[in-house]
Amino acid sequence: MVLPGDVLTAATMGPVKYVVIVCEEALEPLIGHDIMDCGAKGYTVSTVRGRGVRGVRDARSFLSSNIRIEVLCDPAVAQAVLDTVYGKYAKHYGLVGFMQDAVAPDPDGY
Amino acid sequence: MSLDPVVGFFILGLVAGLLGSDLKLSSGLYDTLTVYLLIAIGLKGGFELAQTSVTSLILPIVVVVAMSAFTPLVSYQLLHRLGKLSHPDAASISSHYGSVSVVTFAVGASYLIKQDIEYDNYMSVFLVFLEFPAIIIGVLLARGLKLDAGIHRMAREVLTGKAILLLVGALLIGWIWGREGGASLVMFFEGLFKGFLALFLLGMGLMTAARFDDLRRVGPFLAGFGIVMPVISAVGGIAVGWVLGLSQGSTMLLATLYGSASYIAAPAAMRIAIPEANPALSMGASLGVTFPFNVVVGVPLYWEMTRWFYRVMS
Amino acid sequence: MSLDPVVGFFILGLVAGLLGSDLKLSSGLYDTLTVYLLIAIGLKGGFELAQTSVTSLILPIVVVVAMSAFTPLVSYQLLHRLGKLSHPDAASISSHYGSVSVVTFAVGASYLIKQDIEYDNYMSVFLVFLEFPAIIIGVLLARGLKLDAGIHRMAREVLTGKAILLLVGALLIGWIWGREGGASLVMFFEGLFKGFLALFLLGMGLMTAARFDDLRRVGPFLAGFGIVMPVISAVGGIAVGWVLGLSQGSTMLLATLYGSASYIAAPAAMRIAIPEANPALSMGASLGVTFPFNVVVGVPLYWEMTRWFYRVMS
Amino acid sequence: MSLDPVVGFFILGLVAGLLGSDLKLSSGLYDTLTVYLLIAIGLKGGFELAQTSVTSLILPIVVVVAMSAFTPLVSYQLLHRLGKLSHPDAASISSHYGSVSVVTFAVGASYLIKQDIEYDNYMSVFLVFLEFPAIIIGVLLARGLKLDAGIHRMAREVLTGKAILLLVGALLIGWIWGREGGASLVMFFEGLFKGFLALFLLGMGLMTAARFDDLRRVGPFLAGFGIVMPVISAVGGIAVGWVLGLSQGSTMLLATLYGSASYIAAPAAMRIAIPEANPALSMGASLGVTFPFNVVVGVPLYWEMTRWFYRVMS
Amino acid sequence: MVLPGDVLTAATMGPVKYVVIVCEEALEPLIGHDIMDCGAKGYTVSTVRGRGVRGVRDARSFLSSNIRIEVLCDPAVAQAVLDTVYGKYAKHYGLVGFMQDAVAPDPDGY
Amino acid sequence: MVLPGDVLTAATMGPVKYVVIVCEEALEPLIGHDIMDCGAKGYTVSTVRGRGVRGVRDARSFLSSNIRIEVLCDPAVAQAVLDTVYGKYAKHYGLVGFMQDAVAPDPDGY
């Protein structure tokens, strides 16, 4: 988090982890809670459609479309998010998740 | 044409989908149409309640709800025993067939209006009460009578689902204000009903076509079930309507309700309550088989069955 | 029921939101409803203008606009001095309360129609002119009289904001073509008005429920302000209406306009013009407190106040 | 005002867009309006067909379709020879101008209704048949007469495109059920037509404004073409209408159809069939020049031209 | 793919490639097929808008808005997807594509 | 940018920077200009929703929902984009931004 008055330059940049999860929309509130419980400070969600082993999924099915959740966080939280989400939901729900390295201004804010 | 022209739009959507057309309704439009139909139906029931003695409805509602348990219980046995479907799948599908489809109901009512057959507007009150019992039965079948924390969350989830909430809410608004107090809403929610229903059925046709893929996974047993079970349930509905002394039109609508399968409230609830169940099976059967069957064949069939039954019994 | 049934839909949305229902209106539907309401209100005003002597409206408009500065100026003092809110926050919130809410106006007009009370349709012309002065006052309060480049961009941003543009545009169309020339639009924009308003209020209920979380941050002072300030402003509106010799119905609508707080035009403008202000505070107060208060309590209250005032003064 | 008030909404959208307003219609609303207009127009044609002797329409349709090849063939020569546009671009733009615009047609019909001029409702049948021949001509111009696999996919793509599918589907529904059988749909699809058209034109105005940027790339030649070609085509339409013995109103609508340029069916098909063509050119001309010209100037002009022609020839 | 009963922990994580393509919506069905033909197990699509050398593109143009396709897959498939898509469409359509490293649970499932 | 006639293969791939910014929708036109001013050739925007220290933000609030902007560009532009955006808006607006490495066909086109 950036506080008023901070000077932001390349010097304040540092490494963070970037986690993405794609899953059914029905899981949004559940996984949202899990992510915050793992210690993340926030997350961003978009509505997407997709194709996988469970066939095509889009908003036209009444069931629910897919969502894509992305989280910037430190490595421990990133691993915890993936572990929790996979442990709880991978068995019964279509789920895709991965983690990447990223560089962000103010890395300690995440 | 004894069929309502809205059925034409369903077929148009189906054809467009099967031809691989780029025609699609935006998801926002689907949501809007769903909200509209639920409110319009609830409001109509409420306006009717305001002119009816409500106490006289209590007994019929209790009977209609109690007898509605028949469909999910029988479905479960058929699917699990005969169809060799897994425990969770059988429970989930039973829920879908025990619950009701608002649009099938609307098509049934349109059919009656088109034929100048009278029915009681309080039938939409039944619709409200028939949405959720089967969902609870499905969960109990799948998880047994463990009344744990989960079941409470589930019950809450179901009762605050948008289908129930809009139906009940609009019913109450219609009841409180009455047709006269709510006159300014009539043009929008009654005059335009058929137009909105036509658009919705166009979308349902597209969606059904998209489900035809799932049908292969569904297999012949489940496809057969999707046609036979509604007819069995409709027969039950006719018997119950007759016993309760409903008019022929109302009885036909009760048969349609019993014979219809849910694809809004039930799938959403099942996905959370019985995640082990495969949604492609239940949605494939309910949207891919039963909905088109009911809209095109079932509705006129249930009317003929009702007439025949009343003629025989009188 | 003296309340309009559309209020029932607001309460339904509120209840659904508080119960945590999955009911939601798509963002596309919100946009559509907003566009519809703005056009419908502008058009109605324009049709009226076509039948009125416009010159006779100039003086009332000047007075009504000049007096509307009262609300933001008093609000700012209250919020900054008494409420100890920061300079930018006080300025931003003052803007919200000085500007007007189209839907609150529509609920007020519905109330009058329901009670068979006459009012002048050119009230929607006032609505158009009351949208933006307070926004400019808010910016001046926050940034002083520096008429720099920013202020020009701001003014442009506000005047081309969709609320003003659609209201003014539809007003002009209605005025140019007149009710007869625009007859083919009447069914859509007048006949369906209540239905669209009902859907909009359903959505507003959901949104208000979502804002209840912000209320905690808002704190008791701001919550109290959100109820007291509208009533003070409404008293001012009644006085102005009486002085201008408006009919009781029109005066009540002016009171409703003065008492209502903006949540479309003002927030968008403030977010760019006074970015230091916290939007959770202004939206929490305007949507979480004032809007529900006005829709359920304020509108009938302002009518009673108006009647009482006219009785005492005559 | 002889112009229809819906034109006012087009201008409002144009002004909003040029002022850089934040007004926008959601993409879901655009889709919904498109679906609505296509169905409404198809349905109207179908209702008419149900009351007409269809065989008497075959000859006029054949003539109207055959003569419609004039526009794309002449356009191609003009664009390629005179305008020095590349082969694919000339072919693609010719397709746009040879095909028709549903909304321009609707504006033309509104104009006639406003002036109390009679026309035959089966004109929308012509509309259906004029959508696609030019698209096929465009492809042939671009790729020669190679009837390979690609051309089949193309034909299929075009014929199952949403414009054709909804027009033809609604036409069939209207024809099968007739105006009486489909009476419950009339309020929605006819009573509200102007309101939906107004919203659509508001959006078209916004979109046209957004296209003004492309206009610079379009250049003066193409801008001139976008005004001259429609008038030439309209003259052709008047001649054909007169030869076929159509009423003056119907002839004016035929001129409007010939003079209008497609911006729904053609661009979608061209993007797949002639990907080398730059869509900014075709859309810039059709939406940025021809559509506004037709809606504001062309429609009244074609009517005057028709009247003049019929007076001279009689 | 995760099968019922699997225990999912950090130990099962491994490298995958992450491919993103931004293009016109009209290409969605075509590129969707190409991606599956290249050997991917699935993909995720979102509707986006954008600005590039072809100007601003959003859902308000009737033509079509842009889409963003993302694919998790092994390195060979990733390269094949980019090669195929660029080879077939880059000439006539606005197209942006890139590839990144990622770490995912159950990497062999992709 | 790929010109007609170019042959595109793995050989033409090279490193680019990938920048993502999540912010309020109200900032879209402002940040869009900033990005182009920093020297980017284009960008892609999606409408998203999110949760952070400023609470839940989605399209149902009239205020505005969040957007996600992504830019492919060279390292200098990437750093300039983050510096500019953070410098101008981080103080008063909810903002999340980061940068990653990516590999793209035709890297010199960005």
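The letters A, B, C, D, E and F name the chains in turn, as written, and every chain counts its residues from 1.
Please note the rule applied: contacts are C-beta pairs under 8 Å (C-beta built on N, C-alpha and C of every residue); 3 or more make two chains touch, one makes a residue touch a chain.
All values reported here derive from a predicted model rather than from experimental measurement.
The set of chains in contact with chain B as well as chain C comprises D.
Comparing the CA-atom centres of all chains against that of chain E, the greatest distance is found for C. Of the two chain pairs examined here, A-B and E-F, it is E-F that is joined by more C-beta pairs in contact. Taking each chain's centre as the average of its CA atoms, chain A and chain D sit 46 Å apart. Between chain D and chain E the centroid-to-centroid distance comes to 37 Å (mean Cα coordinates, whole Å).
Mean C-alpha position of chain A lies 18 Å from that of chain F. With centres set at the average Cα position, the gap from chain B to chain E is 39 Å.
The set of chain F residues touching two or more other chains comprises 46, 91, 100. Listed for chain D are residues 24-29, 192, 268, each touching two or more other chains.
Chain pairs that touch one another, listed by label: A-B, A-E, A-F, B-C, B-D, C-D, C-F, D-E, E-F.
Every residue of chain F that touches chain C in the complex is listed here, in rising order: 24, 26, 54-56, 59-65, 89, 91-93. By the touch criterion given at the top, residues 1-2, 4-6, 8-10, 13, 16, 18, 32, 36, 41-46, 72, 100-106 of chain A touch chain F in their complex. Interface residues of chain D, counted against chain C in their complex, comprise 1, 4-6, 8-9, 12, 15-16, 19-29, 110, 113-114, 191-192, 194-196, 198-199, 202. Across the complex, chain D meets chain B through its residues 26-29, 31-32, 35-36, 39, 156-157, 160-162, 165-166, 169-170, 172-173, 176-177, 181-182, 184-185, 187-189, 192, 268. In the complex of the two chains, the chain D residues touching chain E come out as 24-27, 30, 203, 206-207, 210, 213-214, 263-264, 267-268, 271-272, 275-276, 279-280, 283.
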